[in-house]
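Some notes on the structure that comes next.
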Amino acid sequence: MKVTSSGIDIAMCSQQLINSGAGAFAGFEGWVRNYNDGHKVLQLEYEVYTPIAESEGRKIIQEAKERFDILDAQGIHRSGLLEIGECAVWVGVSSVHRNEAFDACRYIIDHIKVRLPIWKKEYYENGDSGWVNCEQCAAAM
Amino acid sequence: MKVTSSGIDIAMCSQQLINSGAGAFAGFEGWVRNYNDGHKVLQLEYEVYTPIAESEGRKIIQEAKERFDILDAQGIHRSGLLEIGECAVWVGVSSVHRNEAFDACRYIIDHIKVRLPIWKKEYYENGDSGWVNCEQCAAAM
Amino acid sequence: MNKLITVVYFAIFREKAGISEEVISTTVNSTAELFRELKDRHKLNEPLGHCKVAINDDLADWESKIKDGDTVLLFPPVAGG
Amino acid sequence: MNKLITVVYFAIFREKAGISEEVISTTVNSTAELFRELKDRHKLNEPLGHCKVAINDDLADWESKIKDGDTVLLFPPVAGG
(Lines give C-alpha, C1' and ligand atoms only; values in the text may rest on other atoms or scores of the structure.)
Protein backbone atom coordinates (compact mmCIF):
# COMPACT_ATOMS: atom_id res chain seq x y z
CA MET A 1 0.00 0.00 0.00
CA LYS A 2 1.35 3.35 -1.06
CA VAL A 3 0.26 6.97 -0.83
CA THR A 4 1.33 9.20 -3.70
CA SER A 5 0.91 12.85 -4.57
CA SER A 6 1.35 12.22 -8.30
CA GLY A 7 -0.88 10.49 -10.87
CA ILE A 8 -1.34 6.73 -10.56
CA ASP A 9 0.06 4.77 -13.51
CA ILE A 10 -2.53 2.02 -13.51
CA ALA A 11 -1.02 -0.02 -16.33
CA MET A 12 2.31 -0.12 -14.51
CA CYS A 13 0.67 -1.04 -11.20
CA SER A 14 -1.29 -3.99 -12.53
CA GLN A 15 1.75 -5.13 -14.52
CA GLN A 16 3.54 -5.65 -11.20
CA LEU A 17 0.92 -8.18 -10.14
CA ILE A 18 1.25 -10.27 -13.28
CA ASN A 19 2.66 -13.60 -12.40
CA SER A 20 2.96 -16.61 -14.64
CA GLY A 21 0.78 -18.61 -12.23
CA ALA A 22 -1.95 -15.97 -12.08
CA GLY A 23 -5.01 -16.49 -14.22
CA ALA A 24 -7.18 -13.71 -12.89
CA PHE A 25 -6.85 -10.07 -12.01
CA ALA A 26 -9.56 -7.93 -10.44
CA GLY A 27 -9.06 -4.21 -10.18
CA PHE A 28 -10.87 -1.28 -8.67
CA GLU A 29 -10.38 2.39 -9.48
CA GLY A 30 -12.06 5.24 -7.66
CA TRP A 31 -12.41 8.36 -9.79
CA VAL A 32 -13.21 11.91 -8.79
CA ARG A 33 -16.86 12.50 -9.65
CA ASN A 34 -18.30 15.87 -10.68
CA TYR A 35 -21.29 15.54 -8.34
CA ASN A 36 -21.67 14.47 -4.73
CA ASP A 37 -24.92 14.68 -2.81
CA GLY A 38 -26.35 17.04 -5.40
CA HIS A 39 -23.47 19.51 -5.26
CA LYS A 40 -21.39 20.12 -8.34
CA VAL A 41 -17.76 19.40 -7.45
CA LEU A 42 -14.99 21.30 -9.20
CA GLN A 43 -11.97 19.87 -7.44
CA LEU A 44 -11.11 17.64 -4.57
CA GLU A 45 -8.36 17.51 -2.00
CA TYR A 46 -7.19 14.46 -0.10
CA GLU A 47 -5.42 14.94 3.18
CA VAL A 48 -3.60 11.77 4.17
CA TYR A 49 -1.66 10.86 7.25
CA THR A 50 0.79 8.74 5.30
CA PRO A 51 2.58 6.70 8.02
CA ILE A 52 -0.65 5.15 9.31
CA ALA A 53 -2.40 5.10 5.91
CA GLU A 54 0.42 2.94 4.58
CA SER A 55 0.80 0.69 7.62
CA GLU A 56 -2.95 0.16 7.99
CA GLY A 57 -3.23 -0.40 4.22
CA ARG A 58 -0.55 -3.09 4.38
CA LYS A 59 -2.48 -4.70 7.24
CA ILE A 60 -5.68 -4.75 5.15
CA ILE A 61 -3.81 -6.37 2.25
CA GLN A 62 -2.34 -8.94 4.61
CA GLU A 63 -5.81 -9.72 5.96
CA ALA A 64 -7.08 -10.17 2.40
CA LYS A 65 -4.25 -12.60 1.67
CA GLU A 66 -5.17 -14.61 4.76
CA ARG A 67 -8.91 -14.66 4.05
CA PHE A 68 -8.89 -15.29 0.31
CA ASP A 69 -6.84 -17.62 -1.85
CA ILE A 70 -5.04 -14.93 -3.82
CA LEU A 71 -1.50 -14.55 -5.14
CA ASP A 72 -0.83 -10.86 -4.69
CA ALA A 73 -2.54 -7.55 -3.99
CA GLN A 74 -1.62 -3.88 -4.04
CA GLY A 75 -3.25 -0.56 -3.32
CA ILE A 76 -2.40 3.07 -4.05
CA HIS A 77 -4.12 6.21 -2.77
CA ARG A 78 -3.61 9.75 -3.96
CA SER A 79 -2.99 12.74 -1.70
CA GLY A 80 -3.34 16.43 -2.49
CA LEU A 81 -5.44 18.22 -5.11
CA LEU A 82 -7.23 16.15 -7.77
CA GLU A 83 -9.28 17.18 -10.77
CA ILE A 84 -12.56 15.59 -11.91
CA GLY A 85 -11.91 12.26 -13.66
CA GLU A 86 -8.58 11.58 -11.97
CA CYS A 87 -7.97 8.24 -10.28
CA ALA A 88 -8.00 8.73 -6.49
CA VAL A 89 -7.50 5.13 -5.42
CA TRP A 90 -6.45 1.94 -7.15
CA VAL A 91 -6.63 -1.65 -5.86
CA GLY A 92 -5.44 -4.70 -7.80
CA VAL A 93 -5.54 -8.38 -6.89
CA SER A 94 -4.16 -11.39 -8.76
CA SER A 95 -5.20 -14.98 -8.15
CA VAL A 96 -5.40 -18.34 -9.84
CA HIS A 97 -9.20 -18.19 -10.18
CA ARG A 98 -11.43 -15.16 -10.50
CA ASN A 99 -13.85 -15.34 -7.57
CA GLU A 100 -11.09 -14.94 -5.02
CA ALA A 101 -9.68 -11.93 -6.87
CA PHE A 102 -13.08 -10.19 -6.88
CA ASP A 103 -13.77 -10.96 -3.21
CA ALA A 104 -10.35 -9.80 -2.07
CA CYS A 105 -10.46 -6.63 -4.18
CA ARG A 106 -13.79 -5.71 -2.67
CA TYR A 107 -12.55 -6.46 0.84
CA ILE A 108 -9.53 -4.22 0.37
CA ILE A 109 -11.37 -1.20 -1.04
CA ASP A 110 -14.17 -1.54 1.55
CA HIS A 111 -11.62 -1.45 4.36
CA ILE A 112 -9.44 1.26 2.80
CA LYS A 113 -12.47 3.53 2.78
CA VAL A 114 -13.27 3.16 6.46
CA ARG A 115 -9.93 2.48 8.14
CA LEU A 116 -7.27 4.67 6.55
CA PRO A 117 -6.63 8.18 7.95
CA ILE A 118 -7.64 9.95 4.75
CA TRP A 119 -9.95 12.97 4.50
CA LYS A 120 -11.63 14.34 1.43
CA LYS A 121 -12.43 18.00 0.99
CA GLU A 122 -14.66 18.92 -1.89
CA TYR A 123 -14.66 22.33 -3.54
CA TYR A 124 -18.05 23.23 -4.99
CA GLU A 125 -19.15 25.40 -7.87
CA ASN A 126 -20.84 27.87 -5.51
CA GLY A 127 -17.53 28.61 -3.78
CA ASP A 128 -18.21 26.47 -0.72
CA SER A 129 -16.09 23.56 0.35
CA GLY A 130 -16.67 20.73 2.74
CA TRP A 131 -15.04 17.74 4.42
CA VAL A 132 -16.92 14.64 3.30
CA ASN A 133 -18.49 12.56 6.13
CA CYS A 134 -18.14 15.37 8.66
CA GLU A 135 -21.44 16.32 10.22
CA GLN A 136 -20.37 19.81 11.05
CA CYS A 137 -19.52 20.73 7.51
CA ALA A 138 -22.57 18.90 6.23
CA ALA A 139 -24.74 20.90 8.63
CA ALA A 140 -23.05 24.13 7.60
CA MET A 141 -23.86 23.72 3.92
CA MET B 1 -17.82 -6.32 -26.89
CA LYS B 2 -14.96 -6.90 -29.28
CA VAL B 3 -12.81 -9.79 -30.38
CA THR B 4 -9.24 -8.93 -31.32
CA SER B 5 -6.24 -10.87 -32.55
CA SER B 6 -3.78 -8.30 -31.20
CA GLY B 7 -2.73 -7.36 -27.66
CA ILE B 8 -5.33 -5.61 -25.47
CA ASP B 9 -4.33 -2.07 -24.46
CA ILE B 10 -5.95 -2.12 -21.02
CA ALA B 11 -5.12 1.48 -20.10
CA MET B 12 -6.78 2.69 -23.30
CA CYS B 13 -9.82 0.48 -22.77
CA SER B 14 -10.54 1.66 -19.24
CA GLN B 15 -9.89 5.25 -20.29
CA GLN B 16 -12.88 4.98 -22.62
CA LEU B 17 -15.16 4.24 -19.66
CA ILE B 18 -14.05 7.29 -17.70
CA ASN B 19 -16.90 9.67 -17.39
CA SER B 20 -17.08 12.75 -15.24
CA GLY B 21 -20.10 11.30 -13.41
CA ALA B 22 -18.40 7.96 -12.73
CA GLY B 23 -16.93 7.43 -9.28
CA ALA B 24 -16.09 3.76 -9.54
CA PHE B 25 -14.49 1.41 -12.01
CA ALA B 26 -14.23 -2.37 -11.59
CA GLY B 27 -12.11 -4.33 -13.99
CA PHE B 28 -11.34 -7.96 -14.66
CA GLU B 29 -8.41 -9.35 -16.63
CA GLY B 30 -7.94 -13.01 -17.47
CA TRP B 31 -4.30 -13.91 -18.02
CA VAL B 32 -2.78 -17.01 -19.58
CA ARG B 33 -1.56 -19.22 -16.75
CA ASN B 34 1.44 -21.53 -16.97
CA TYR B 35 -0.39 -24.43 -15.34
CA ASN B 36 -3.84 -25.94 -15.80
CA ASP B 37 -5.02 -29.10 -14.09
CA GLY B 38 -1.47 -30.02 -13.22
CA HIS B 39 -0.15 -29.70 -16.79
CA LYS B 40 2.52 -27.15 -17.61
CA VAL B 41 1.15 -24.93 -20.37
CA LEU B 42 3.56 -23.35 -22.87
CA GLN B 43 1.12 -21.55 -25.11
CA LEU B 44 -2.57 -21.20 -25.69
CA GLU B 45 -4.77 -20.71 -28.70
CA TYR B 46 -8.25 -19.21 -28.72
CA GLU B 47 -10.57 -20.07 -31.54
CA VAL B 48 -13.44 -17.60 -31.68
CA TYR B 49 -16.49 -17.45 -33.85
CA THR B 50 -16.46 -13.68 -33.94
CA PRO B 51 -19.94 -12.78 -35.29
CA ILE B 52 -21.76 -14.57 -32.48
CA ALA B 53 -19.06 -13.88 -29.84
CA GLU B 54 -19.53 -10.15 -30.41
CA SER B 55 -23.33 -10.17 -30.68
CA GLU B 56 -23.74 -12.42 -27.62
CA GLY B 57 -21.16 -10.32 -25.75
CA ARG B 58 -23.13 -7.16 -26.48
CA LYS B 59 -26.25 -8.92 -25.23
CA ILE B 60 -24.50 -9.80 -21.94
CA ILE B 61 -23.38 -6.19 -21.50
CA GLN B 62 -26.90 -4.99 -22.19
CA GLU B 63 -28.24 -7.43 -19.57
CA ALA B 64 -25.70 -6.12 -17.06
CA LYS B 65 -26.81 -2.55 -17.73
CA GLU B 66 -30.43 -3.55 -17.11
CA ARG B 67 -29.71 -5.52 -13.93
CA PHE B 68 -27.22 -3.20 -12.25
CA ASP B 69 -27.12 0.55 -11.83
CA ILE B 70 -24.00 1.16 -13.91
CA LEU B 71 -22.92 3.85 -16.34
CA ASP B 72 -20.99 1.88 -18.94
CA ALA B 73 -19.35 -1.48 -19.58
CA GLN B 74 -17.06 -3.00 -22.17
CA GLY B 75 -15.43 -6.34 -22.87
CA ILE B 76 -12.62 -7.52 -25.14
CA HIS B 77 -11.54 -11.09 -25.89
CA ARG B 78 -8.41 -12.22 -27.69
CA SER B 79 -8.31 -14.74 -30.52
CA GLY B 80 -5.36 -16.70 -31.87
CA LEU B 81 -2.09 -17.69 -30.19
CA LEU B 82 -1.24 -16.23 -26.78
CA GLU B 83 1.84 -16.56 -24.61
CA ILE B 84 1.92 -17.11 -20.83
CA GLY B 85 1.11 -13.86 -18.99
CA GLU B 86 -0.80 -12.24 -21.84
CA CYS B 87 -4.24 -10.81 -21.21
CA ALA B 88 -6.86 -13.06 -22.83
CA VAL B 89 -9.98 -11.22 -21.76
CA TRP B 90 -10.73 -7.82 -20.27
CA VAL B 91 -13.97 -6.52 -18.77
CA GLY B 92 -14.46 -3.00 -17.42
CA VAL B 93 -17.47 -1.39 -15.77
CA SER B 94 -17.99 2.19 -14.60
CA SER B 95 -20.65 3.30 -12.16
CA VAL B 96 -21.46 6.00 -9.64
CA HIS B 97 -20.88 3.69 -6.65
CA ARG B 98 -18.62 0.69 -6.38
CA ASN B 99 -20.87 -2.23 -5.48
CA GLU B 100 -22.74 -2.05 -8.76
CA ALA B 101 -19.49 -1.96 -10.74
CA PHE B 102 -18.21 -5.09 -8.99
CA ASP B 103 -21.50 -6.98 -9.40
CA ALA B 104 -21.84 -6.08 -13.07
CA CYS B 105 -18.20 -6.90 -13.84
CA ARG B 106 -18.61 -10.32 -12.29
CA TYR B 107 -21.87 -10.91 -14.15
CA ILE B 108 -20.25 -10.06 -17.47
CA ILE B 109 -17.17 -12.24 -17.08
CA ASP B 110 -19.23 -15.15 -15.68
CA HIS B 111 -21.49 -15.05 -18.73
CA ILE B 112 -18.68 -14.45 -21.24
CA LYS B 113 -17.07 -17.67 -20.05
CA VAL B 114 -20.12 -19.86 -20.59
CA ARG B 115 -22.03 -18.24 -23.43
CA LEU B 116 -19.55 -17.01 -26.05
CA PRO B 117 -18.47 -19.36 -28.86
CA ILE B 118 -14.81 -19.38 -27.84
CA TRP B 119 -12.60 -22.44 -27.47
CA LYS B 120 -9.26 -22.71 -25.77
CA LYS B 121 -6.56 -25.11 -26.87
CA GLU B 122 -3.63 -25.55 -24.56
CA TYR B 123 -0.20 -26.69 -25.72
CA TYR B 124 1.67 -28.58 -23.02
CA GLU B 125 5.33 -29.04 -22.23
CA ASN B 126 5.16 -32.75 -23.04
CA GLY B 127 4.10 -32.02 -26.62
CA ASP B 128 0.41 -32.80 -26.11
CA SER B 129 -2.35 -30.33 -26.66
CA GLY B 130 -5.97 -30.29 -25.61
CA TRP B 131 -9.20 -28.38 -25.95
CA VAL B 132 -10.22 -27.18 -22.49
CA ASN B 133 -13.60 -28.43 -21.24
CA CYS B 134 -13.83 -31.16 -23.87
CA GLU B 135 -14.27 -34.58 -22.34
CA GLN B 136 -12.77 -36.38 -25.27
CA CYS B 137 -9.48 -34.58 -25.12
CA ALA B 138 -9.43 -34.73 -21.35
CA ALA B 139 -9.91 -38.51 -21.53
CA ALA B 140 -7.17 -38.82 -24.13
CA MET B 141 -4.54 -37.15 -21.99
CA MET C 1 -38.23 -34.26 -48.29
CA ASN C 2 -34.47 -33.82 -48.33
CA LYS C 3 -32.94 -30.54 -47.26
CA LEU C 4 -29.54 -29.19 -48.18
CA ILE C 5 -27.85 -27.98 -45.00
CA THR C 6 -24.43 -26.40 -44.61
CA VAL C 7 -22.83 -27.61 -41.40
CA VAL C 8 -19.88 -25.73 -39.87
CA TYR C 9 -17.61 -27.41 -37.32
CA PHE C 10 -15.56 -25.59 -34.68
CA ALA C 11 -12.57 -26.46 -32.52
CA ILE C 12 -12.55 -30.14 -31.50
CA PHE C 13 -15.50 -30.86 -33.80
CA ARG C 14 -13.54 -29.51 -36.76
CA GLU C 15 -10.57 -31.67 -35.78
CA LYS C 16 -12.75 -34.79 -35.35
CA ALA C 17 -14.63 -34.21 -38.59
CA GLY C 18 -11.42 -33.35 -40.41
CA ILE C 19 -13.26 -30.56 -42.25
CA SER C 20 -14.44 -27.11 -41.24
CA GLU C 21 -17.66 -27.30 -43.17
CA GLU C 22 -19.71 -29.49 -45.48
CA VAL C 23 -23.04 -29.43 -47.28
CA ILE C 24 -25.21 -32.40 -46.48
CA SER C 25 -28.52 -33.69 -47.73
CA THR C 26 -30.71 -34.80 -44.84
CA THR C 27 -34.30 -35.53 -43.83
CA VAL C 28 -33.94 -34.51 -40.16
CA ASN C 29 -36.10 -31.69 -38.80
CA SER C 30 -34.37 -30.42 -35.63
CA THR C 31 -30.87 -29.42 -34.65
CA ALA C 32 -30.77 -32.30 -32.13
CA GLU C 33 -31.59 -34.81 -34.85
CA LEU C 34 -28.93 -33.30 -37.09
CA PHE C 35 -26.37 -33.52 -34.29
CA ARG C 36 -27.17 -37.19 -33.66
CA GLU C 37 -26.81 -37.98 -37.36
CA LEU C 38 -23.41 -36.27 -37.54
CA LYS C 39 -22.23 -37.48 -34.15
CA ASP C 40 -21.90 -41.08 -35.39
CA ARG C 41 -20.39 -40.13 -38.71
CA HIS C 42 -17.72 -37.84 -37.24
CA LYS C 43 -17.35 -39.26 -33.69
CA LEU C 44 -18.53 -36.05 -32.03
CA ASN C 45 -18.55 -37.52 -28.56
CA GLU C 46 -19.34 -34.45 -26.47
CA PRO C 47 -22.70 -34.65 -24.67
CA LEU C 48 -25.39 -32.65 -26.47
CA GLY C 49 -26.15 -30.67 -23.32
CA HIS C 50 -22.58 -29.34 -23.21
CA CYS C 51 -22.69 -28.16 -26.82
CA LYS C 52 -24.34 -25.17 -28.48
CA VAL C 53 -25.79 -24.63 -31.90
CA ALA C 54 -26.51 -21.65 -34.13
CA ILE C 55 -28.57 -21.34 -37.30
CA ASN C 56 -27.56 -18.66 -39.80
CA ASP C 57 -25.47 -16.80 -37.20
CA ASP C 58 -28.18 -16.76 -34.52
CA LEU C 59 -27.81 -18.90 -31.42
CA ALA C 60 -30.51 -21.59 -31.42
CA ASP C 61 -31.28 -24.55 -29.19
CA TRP C 62 -31.52 -28.27 -29.70
CA GLU C 63 -35.26 -28.15 -30.38
CA SER C 64 -34.89 -25.56 -33.15
CA LYS C 65 -36.19 -26.59 -36.57
CA ILE C 66 -33.89 -26.53 -39.57
CA LYS C 67 -34.98 -25.81 -43.09
CA ASP C 68 -33.56 -26.21 -46.55
CA GLY C 69 -30.64 -23.85 -47.16
CA ASP C 70 -29.83 -23.23 -43.47
CA THR C 71 -26.27 -22.99 -42.24
CA VAL C 72 -25.94 -24.81 -38.92
CA LEU C 73 -22.94 -24.05 -36.67
CA LEU C 74 -21.97 -26.84 -34.26
CA PHE C 75 -20.21 -25.55 -31.16
CA PRO C 76 -18.42 -27.98 -28.83
CA PRO C 77 -18.17 -27.02 -25.10
CA VAL C 78 -16.95 -23.44 -24.89
CA ALA C 79 -14.01 -22.22 -22.80
CA GLY C 80 -13.72 -18.48 -23.14
CA GLY C 81 -11.88 -16.27 -20.68
CA MET D 1 0.28 14.36 38.02
CA ASN D 2 0.33 16.47 34.91
CA LYS D 3 1.44 14.95 31.61
CA LEU D 4 2.84 16.77 28.63
CA ILE D 5 1.03 15.52 25.53
CA THR D 6 1.56 16.56 21.92
CA VAL D 7 -1.80 16.64 20.15
CA VAL D 8 -1.96 16.61 16.35
CA TYR D 9 -5.12 17.72 14.53
CA PHE D 10 -6.16 16.62 11.05
CA ALA D 11 -8.54 17.90 8.39
CA ILE D 12 -11.65 19.53 9.91
CA PHE D 13 -10.15 19.26 13.41
CA ARG D 14 -7.11 21.23 12.26
CA GLU D 15 -9.38 23.86 10.73
CA LYS D 16 -11.54 24.06 13.89
CA ALA D 17 -8.55 24.22 16.23
CA GLY D 18 -6.77 26.66 13.94
CA ILE D 19 -3.50 24.83 14.59
CA SER D 20 -2.06 21.57 13.35
CA GLU D 21 -0.49 20.61 16.64
CA GLU D 22 0.04 21.77 20.19
CA VAL D 23 1.67 20.58 23.39
CA ILE D 24 -0.72 20.52 26.32
CA SER D 25 -0.38 19.82 30.00
CA THR D 26 -3.20 17.61 31.22
CA THR D 27 -4.24 15.24 34.00
CA VAL D 28 -6.48 12.99 31.88
CA ASN D 29 -5.65 9.30 31.57
CA SER D 30 -7.40 8.03 28.44
CA THR D 31 -7.74 9.16 24.85
CA ALA D 32 -11.50 9.61 25.35
CA GLU D 33 -10.93 11.93 28.30
CA LEU D 34 -8.38 13.88 26.28
CA PHE D 35 -10.84 14.18 23.38
CA ARG D 36 -13.58 15.50 25.69
CA GLU D 37 -11.21 18.07 27.15
CA LEU D 38 -10.18 19.33 23.70
CA LYS D 39 -13.66 19.05 22.20
CA ASP D 40 -14.94 21.96 24.23
CA ARG D 41 -11.85 24.08 23.80
CA HIS D 42 -11.72 23.67 20.01
CA LYS D 43 -15.37 22.90 19.18
CA LEU D 44 -14.59 19.44 17.80
CA ASN D 45 -18.22 18.52 17.32
CA GLU D 46 -17.88 15.16 15.56
CA PRO D 47 -19.21 12.23 17.62
CA LEU D 48 -16.43 10.29 19.31
CA GLY D 49 -17.60 7.03 17.71
CA HIS D 50 -17.04 8.48 14.23
CA CYS D 51 -13.50 9.56 15.01
CA LYS D 52 -10.25 7.64 15.36
CA VAL D 53 -7.16 8.15 17.45
CA ALA D 54 -3.53 7.11 17.26
CA ILE D 55 -0.76 7.25 19.84
CA ASN D 56 2.82 7.63 18.60
CA ASP D 57 1.86 6.53 15.07
CA ASP D 58 -0.05 3.42 16.16
CA LEU D 59 -3.84 3.31 15.87
CA ALA D 60 -5.37 3.16 19.34
CA ASP D 61 -8.91 3.25 20.66
CA TRP D 62 -10.85 5.54 22.97
CA GLU D 63 -10.01 3.45 26.04
CA SER D 64 -6.27 3.60 25.42
CA LYS D 65 -4.17 5.13 28.19
CA ILE D 66 -1.93 8.07 27.47
CA LYS D 67 1.30 8.79 29.23
CA ASP D 68 3.65 11.69 29.61
CA GLY D 69 5.45 12.46 26.35
CA ASP D 70 2.94 10.72 24.05
CA THR D 71 1.94 12.19 20.73
CA VAL D 72 -1.80 11.77 20.19
CA LEU D 73 -3.23 12.07 16.68
CA LEU D 74 -6.90 13.06 16.49
CA PHE D 75 -8.62 11.84 13.33
CA PRO D 76 -12.05 13.19 12.36
CA PRO D 77 -14.37 10.89 10.31
CA VAL D 78 -12.34 9.46 7.43
CA ALA D 79 -13.37 9.51 3.78
CA GLY D 80 -10.76 7.69 1.73
CA GLY D 81 -11.39 6.31 -1.72
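Order of writing sets the chain letters: A, B, C and D. Residues in each chain are counted from 1.
Methods note: contacts are C-beta pairs under 8 Å (C-beta built on N, C-alpha and C of every residue); 3 or more make two chains touch, one makes a residue touch a chain.
Owing to the predicted nature of the structure, the values given are computational and were not obtained by experimental measurement.
**Q** By label order, what chains touch chain B and chain C together?
**A** In this structure, no chain contacts chain C and also chain B.
**Q** Between chain A and chain D, how many steps is the shortest route if every step has to go to a touching chain?
**A** 1
**Q** If you average the CA atoms of chain A and of chain B, how many Å lie between those two points?
**A** So the centroids are 25 Å from each other.
**Q** Can you check how far apart chain A and chain C are, centre to centre, with Cα atoms defining each centre and the answer in Å?
**A** One centre to the other, that is 49 Å.
**Q** Approximately how many whole Å separate the CA-defined centres of chain C and chain D?
**A** 73
**Q** Residue numbers in chain C touching 2 or more other chains?
**A** None at all.
**Q** Multi-chain contacts in chain B: which residues touch at least two other chains?
**A** Counting only residues that touch two or more other chains, chain B contributes 30, 109.
**Q** Let me know each pair of chains that touch one another.
**A** Chains touch in the following pairs: A-B, A-D, B-C.
**Q** Name, in rising order, each residue of chain A that touches chain B in their complex.
**A** Contact set of chain A toward chain B: 10-11, 14, 18-35, 84-85, 94, 96, 98, 101-102, 105-106, 109.
**Q** Across the complex, what residues on chain B touch chain C?
**A** Residues in contact with chain C: 30, 46-49, 51-53, 55-56, 77, 88-89, 109, 112-121, 131-137.
**Q** Which bits of chain D are touching chain A when the two form their complex?
**A** These residues of chain D touch chain A: 10-12, 16, 45-47, 50, 52, 54, 57-59, 73, 75-81.
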